[in-house]
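Sending over a structure as structure tokens; questions will come in a sec.
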Amino acid sequence: MIDEKGLRTDGRRPNELRPIKMEVGVLSNADGSAYIEQGKSKVLAAVYGPRELHPRHLALPDRAILRCRYHMAPFSVEERKSPAPSRREIELSKVIREALEPAIFLEKFPRTSIDIFIEVLQADGGTRCAGTTAAALALADAGIPMRDLVAACAAGKVDGVLVLDLNDIEDKEGEADMPVSYMPNLGLISLLQMDGSLTFEEFKQVLNLALEGCKQIYKLQKEALKAKYVAIKEEVETCLQS
Amino acid sequence: MSSIMTSKIRQRQIYQVISSGKRLDGRGLTDYRPIKIEKGIIERAEGSARVLLGKTEVIAGVKVEVGEPFPDRPNEGTFTVNSELVPLASPEFEPGPPNEDAIELARVVDRGIRESQAIDLEKLCLVPGKKVYVIFIDIYTLNHDGNLIDASALAALAALMNTKIPIYTVENGEIRKTSEYMPLPIRNYPIAVTFANIGDKMIVDPWLEEEEVMSTRLTVTVDKDDKISAIQKGGGGALAPQQILEAVCIAKEKARELRRLVVDSLG
Amino acid sequence: MIDEKGLRTDGRRPNELRPIKMEVGVLSNADGSAYIEQGKSKVLAAVYGPRELHPRHLALPDRAILRCRYHMAPFSVEERKSPAPSRREIELSKVIREALEPAIFLEKFPRTSIDIFIEVLQADGGTRCAGTTAAALALADAGIPMRDLVAACAAGKVDGVLVLDLNDIEDKEGEADMPVSYMPNLGLISLLQMDGSLTFEEFKQVLNLALEGCKQIYKLQKEALKAKYVAIKEEVETCLQS
Amino acid sequence: MSSIMTSKIRQRQIYQVISSGKRLDGRGLTDYRPIKIEKGIIERAEGSARVLLGKTEVIAGVKVEVGEPFPDRPNEGTFTVNSELVPLASPEFEPGPPNEDAIELARVVDRGIRESQAIDLEKLCLVPGKKVYVIFIDIYTLNHDGNLIDASALAALAALMNTKIPIYTVENGEIRKTSEYMPLPIRNYPIAVTFANIGDKMIVDPWLEEEEVMSTRLTVTVDKDDKISAIQKGGGGALAPQQILEAVCIAKEKARELRRLVVDSLG
Amino acid sequence: MIDEKGLRTDGRRPNELRPIKMEVGVLSNADGSAYIEQGKSKVLAAVYGPRELHPRHLALPDRAILRCRYHMAPFSVEERKSPAPSRREIELSKVIREALEPAIFLEKFPRTSIDIFIEVLQADGGTRCAGTTAAALALADAGIPMRDLVAACAAGKVDGVLVLDLNDIEDKEGEADMPVSYMPNLGLISLLQMDGSLTFEEFKQVLNLALEGCKQIYKLQKEALKAKYVAIKEEVETCLQS
Amino acid sequence: MSSIMTSKIRQRQIYQVISSGKRLDGRGLTDYRPIKIEKGIIERAEGSARVLLGKTEVIAGVKVEVGEPFPDRPNEGTFTVNSELVPLASPEFEPGPPNEDAIELARVVDRGIRESQAIDLEKLCLVPGKKVYVIFIDIYTLNHDGNLIDASALAALAALMNTKIPIYTVENGEIRKTSEYMPLPIRNYPIAVTFANIGDKMIVDPWLEEEEVMSTRLTVTVDKDDKISAIQKGGGGALAPQQILEAVCIAKEKARELRRLVVDSLG
């Protein structure tokens, strides 16, 4: 899956991200929302809350409860997926929730819930990372106070080469895949999974590669947030002028 | 923001304006909101479309598999319509299996397609009694701002018109996938037109706040020959026969208007 | 399915109802109940309530909640039906509830529920209408104040002929089926569905045909209610004489 | 009326009357309420029956399909018993999948039929190891006024005796349905007799109010040769061995009485 | 299944129990626990409670609620069992709960629940009895006041011979199986089921045989309880001496 | 006793002791509790093992069936890992379908086995594309005193090493079970090593009270060649890259230690 020029199936160099498009505030009902396209992966995230929690006895007296659902549309994958949540979706919902939790000041909203909904509209690898990235944007869009953004990106090993941001075929046929989420200002990793086979030395390099990817994603997140505020500002100004 | 339930005052306002023949967003009683249809947005699906109806946003995706026909229709492909009211679309939607609203929505869209014979199912048979094309139409509501039925029916139709199915060769009852594709055989274009009854008025394409005020909902699905394929009354109110007849008349006109949009969008 | 004399598979004329038998107050535990046989369709309805609602947070401060379950016995159809509610049953439960709702003074019983249970014991077409008709009787039998009775009947098109009260084979093989429920005193339609293919002119005629059917059913409902009160009166008198 | 829970006073009354060897409805301790059995009430089912036991009302319907045998019984048809406590029968019953009461009820009826070998399953094999008759016995409680087990067992037996199964021809392992029917091969007539323990008395056929007072329930199923096919103790109490032996003795007599009723009703 | 010497497939005489091993207090988290091996059947029981009940509206004002789950491990039987509770497991959970209920002073713990969990690790016949026996030990181990222990054992008929404590093959191929639980001090039977075919006379004898088995099991239960207290005593003494 | 939630005071104590480089139970920060592995405890299962990790107790059972391969791997057997947190193991566990913790546990164990290619799946093919061995690994937690992942992974590996599978003969695509058995072909020995982050320390094999105090959990699965097969971060905290690298280093050593134990126990 790496050609003689060292390029990947989609023409990328090993340490190159796929083309990424992010947009913030795409849904009118949600308190915050974001859309991300990373290569052919297309993921939507929405945040509702902080809001009253039902049933009430689940509420915590000293902080908000964070809930997260990662879900794939039936048409997002090669073979139609049943809409009932799979074991994989249940695990990823947990992993993503735990990736976002350290970034949020949950203690500011006791007795409430903050609900994150991630819908994978099209899956081509890296959807848990794209979902985490989009969810962090949606949280920011909802105005929820955060210690840092969370930027996520995978790295791994394909045909003996360490590569960044694996697509579906690289993930499935490659030797290792390692999704990572990073909070650059805090210097902390909040999501880390790996499967495959790596020596300790390789692991170190792959981790660094993933962190580099996260940092690039982080920049794109900031731009996407800025773009929204510019858009709002323009809207307001147009409004005032008219 | 988390609660989008309209206040009592707002509700009264909506009611009064409609009583006087107008609507709060400036539309006439039988006007649709702006409609935008995008096709082929999910490349991995055999067909797909996104519909924006005002702020209501719906995606439909079509997946095609090979499976067995129903025993009483051995020479026909099959299709199912499924609808999910995913929780990112509204604070009122909850995760879990489809509730009665999602099921009704899917079944109304299904009946429009089925009764107008929009898909030529006989062309979807590979080996009679054994292997046929199985079409899954999944409708995903992304933002709920009212009138999900019409948006969903539009998205489903646009996605079907956008669908390419893999061609199989059949030899001795064994099928083999080729690398070729053909368009899904579509032979009718059913359009759902939904009315809300508010006071004594029947309005078209209610948005969310109007839905909260309406007493009754009426959906009329009309096919390309101006025939009625399906009707569904919803909501806990009731209608006079005359109101229904008038709505059916209007539906015919509106359906033509919308059908043109879908066909155009797929040029 | 229409012979040369214009008669249907079961010998009826196009605008003729099937033989109908109604009985009120057939179950001793329910607050109200009714049984209907319409051709070979056999349907039982029971009403419990107004009664306290569990869980309580579902209760409404200004009116009763109406709940309805339309359910088919496993042995009611040609091929055994799984007892788990199908999508069709879930939709019809909603449609029937919404057909009955406008007839009931729900606002008289705040914080309670009124529960309607419809069991199809044998299905031969028209069971949602028969269920609605029986449920209206059961509501009246339970003494729940109503604006009007609700009478339901389908009409449709079979072999080019517009017909009343379709049986199973006419429904399945015919060109159109349109179930309707009507409140004759109010002149309002509370259930309306259609599937098939009808011109506008045909639709108008089929609707009128269905309304005529509803009016006949309405008369039978009144007789069934009267029969029960006569029966009670006789019982009381026998009791007094003895 | 919505609550049918018996008041404490009423409960004490029931208890005291039974202690003195009588019952509030005038029955003797081992008398059944009036029983009415109607057969063939569901024409669409291959077999059916309705049983009225006092005000307790139960319908059983039998459906017959063709399916695969169990791997360890390749030459036998199969049957399953399912019970639904539908919510129209009692304010205590709720919609949803069968709870432990419904499951116990179905399994007690099942064991009576199975252990007495009431159905000649070997005659229900079409193609050994491949195709056999599959019998579904569905028991529907329509009104619950106590002793659902006996009423259900009676209804199931009557429905089985009323069942006609389609005849199939077998050629080269392929089966074909004919237009002919034959009776389901029945070779035993198990009867369930249920006791309630109240104070030191064992009473037969408890009605609902008595069930609320009883400490223990005991069901003895007896076959046509006076053999015991199944026993089930229910409820949170306990019984002395002597009470059980006496109940089994009485059950034998009662079973004969009821068996005559079923056979007569199907004459 | 009975040879010419009158011995059974596993070499036992008709009225002989299988080798039985009982141990009390085997799990550290549970309030009470016990393990039993009866032939090849291996069953673990644990008790939690009396403890607060969720949801609270299920609580009873005058006594504890007793809950019981009988469950089989997927690997406990010949063909892997789905972990979802089967109809058989649901029935046996009820039957075992009702076998233990008369032995417990539930009225001493109003508004609480006592929860019994039985896990069949390996099944070779008689697991409902072994589960009942172990659960009674676990209740005693949890210090819950009881009117009597509950000892359970099956008897039945195999190849025309009345036998005690049937194993799996005897249960499946035999003529009758009758699980019984007994409270010897009270002289009361709290679990009684039977399936098969027995004359009245045979029934009487099988019942007596089962009661004899229960009495032997009862002795073993007492020894197991004593063994635990001896063990605790020794532990305490060792502790004091050190 | 019914609540095993650690008190705030106790939590602070645990935290402080660990900050000073010690643990309340006297272990060093990277010490495991005593481990006991017993094999073959469930004779009816094709393989089984019990693991005691301190007071944490886990059983794994392996069942072997014959089934179909996945379409994209026609020449390989399949396996699934399932975990149940049965309610007798902890007052926090509730009956019902596996929750997210049980699912994560099973999937982490599964990935360790799968990615290290511990089972030689190609040797488990009987008829390519049609019949393969299907391996079920069921993990049962009997007592939860922390670090279920490592105990479960150990139990699963020991059970697999203990597994004997029936030998089948294949003739004309038909398979027949013989009375012979062979060991399951195992070619790697993945070991999961779990860390808890408490304060600035990474400790190995946390017990229950430590798990309640930890901010983050990190599991590193290492194979027989010291390669990393799987990693899983859990819990709502975060880690510095350096902490992760150090943990991975330690995991390598610990895995060797534990691997020796499993292999020895199966001598």
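In this document, chain identifiers A, B, C, D, E and F correspond to the written order of the chains, with residue numbering beginning at 1 in each.
By our rule, contacts are C-beta pairs under 8 Å (C-beta built on N, C-alpha and C of every residue); 3 or more make two chains touch, one makes a residue touch a chain.
As the structure is a prediction and not an experimental result, all values here were calculated from the model.
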Chains in simultaneous contact with chain A and chain C: B
Chain pair among A-B, A-F or C-D whose interface repeats that of D-E, sharing over half of the contact pairs by residue number: A-F
Label of the chain whose CA centroid is most distant from the centroid of chain A: D
Chain whose Cα centroid lies at the greatest distance from that of chain B: E
Geometric centre distance via CA averages, chain F-chain C, whole Å: 58
Between chain E and chain C, distance of the C-alpha-averaged centres to the nearest whole Å: 52
Euclidean distance of C-alpha centroids - chain E vs chain F, Å: 31
Distance between the centres, which are taken as Cα means, of chain F and chain D, whole angstrom: 48
Where chain B touches two or more other chains at once, by residue number: 98
Chain contact topology (line, ring, star, complete or other): ring
Ring order of chains, beginning at chain C and proceeding to chain D: C, D, E, F, A, B
List of chain E residues in touch with chain F within their complex: 27-31, 33, 40, 42, 44-46, 48-49, 51, 69, 71, 73-80, 83-85, 115, 117, 119, 121-124
Chain A partner contacts - residues on chain B that touch it in the complex: 1-2, 4, 42-45, 48, 55, 57, 59, 61-63, 65, 82, 84, 86-91, 95, 97-98, 136, 138, 140, 142-145
Chain B residues touching chain C - in the complex, by the definition given at the top: 98, 100, 103-104, 106-107, 111, 114-116, 218, 223, 226-241, 244-245, 248-249, 252
Touch list for chain A against partner chain F, complex: 66, 87-88, 90-91, 93-95, 97-98, 101-102, 178, 183, 186-200, 203-204, 207-208, 211
